[in-house]
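To keep things clear, I will list the structure first and then write my remarks on it.
Lettered A, B and C in written order, each chain numbered from 1.
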Amino acid sequence: MPLVNISILKGKSPEYKKAIANGINSAVIETMGFPDDDRYQIINEVEPECLEYQQRDSDRVMMFLIMRTGHSNNEKKAFYSKVVENLSADPGVSPENILISIVENHDIDWSFRRGVAQFVV
Amino acid sequence: MPLVNISILKGKSPEYKKAIANGINSAVIETMGFPDDDRYQIINEVEPECLEYQQRDSDRVMMFLIMRTGHSNNEKKAFYSKVVENLSADPGVSPENILISIVENHDIDWSFRRGVAQFVV
Amino acid sequence: MPLVNISILKGKSPEYKKAIANGINSAVIETMGFPDDDRYQIINEVEPECLEYQQRDSDRVMMFLIMRTGHSNNEKKAFYSKVVENLSADPGVSPENILISIVENHDIDWSFRRGVAQFVV
């Protein structure tokens, strides 16, 4: 389910972008129990001056996830840890330079296709 | 009111973008009782590899709305249905390829102009 | 803390973008009691037809902040007012053309670096 909004620096290779998307997606599935095909991700590519992350000027990633309420603190902690593990391994973003935030909503707040609220049918 | 964040594929015509924006806006107004001029929309244009929507590779749209809590399930369902009806008619996005999510906040969480919290005055 | 998502028109100078980012950041710190280095901002640059703000066609800015619940109405009001004061002074955006919305989450919903939930340790 989660709709994952990811912001990265402009000018990265397709391989870099794929590694970011894959690393986050596999963390979502592994740590929070989502189905294997539950992949909904948007990557925004912005200029360096448009990605203000304290004083960092090296490679960096900021993301926020929209998902239903109900995941435990432990699941979220495992997710944060796994995202950072994955992205530092590939494409090699420093663990210091990955910000993650979560925003929650409810069953009725999702339509994945065909204009139907799939969780409230 | 809603602030509508819409992500589409890069390279679309102005007419396509206008149809997306208009189709969502008229669904908002028709199904959730917002005023006629209540239009606040951001369209993000991203590369195909930056719009991961399960395995879809044809045209696709993902959006999330920020709006105040208080809309009923029936209003939200009508909204989802109308968005898909509108966007499949014009510009012709498949109903299978439209994702919608809603995030809610409160009266105090809005300033539409002049730095005033218009709902809490 | 807040993760600030800012949408502006494409084609602005680096100075304009810096003024926007700085003006919002100093308002965050001054009015809501965040630490001095608490700067997390994403600027999205979009075409004019992708920034629909009622009927406005002059320069305009729309933003939403993700932050923890707990800030008072008065703090939020002061924040809105200060953002508009700052951005109208520099880079000179009309107070009529600045939209702000806030979305709230909780302690567990943040990891600022290293995959750790810094507020829940």
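In the analysis below, contacts are C-beta pairs under 8 Å (C-beta built on N, C-alpha and C of every residue); 3 or more make two chains touch, one makes a residue touch a chain.
All values derive from a computational prediction rather than experimental measurement.
Where subunit B touches subunit C, under half of the residue numbers in use are shared by the two copies, so each contributes mostly different positions.
Overlaying subunit A onto subunit C using CA atoms gives a rotation of 120 degrees, to the nearest 5. We define each chain's centre as the mean of its Cα atoms; on that basis subunit B and subunit C are separated by 20 Å. Each of the following residues of subunit B touches two or more other chains: 44, 103. Subunit B makes touch with subunit C in their complex at residues 3, 14, 17-18, 21, 25, 37-45, 66, 103, 105, 108-117, 120. On the subunit A side of its complex with subunit C, the touching residues are 7, 44, 46-47, 49-55, 62, 64, 73, 76-77, 80-85, 95-104.
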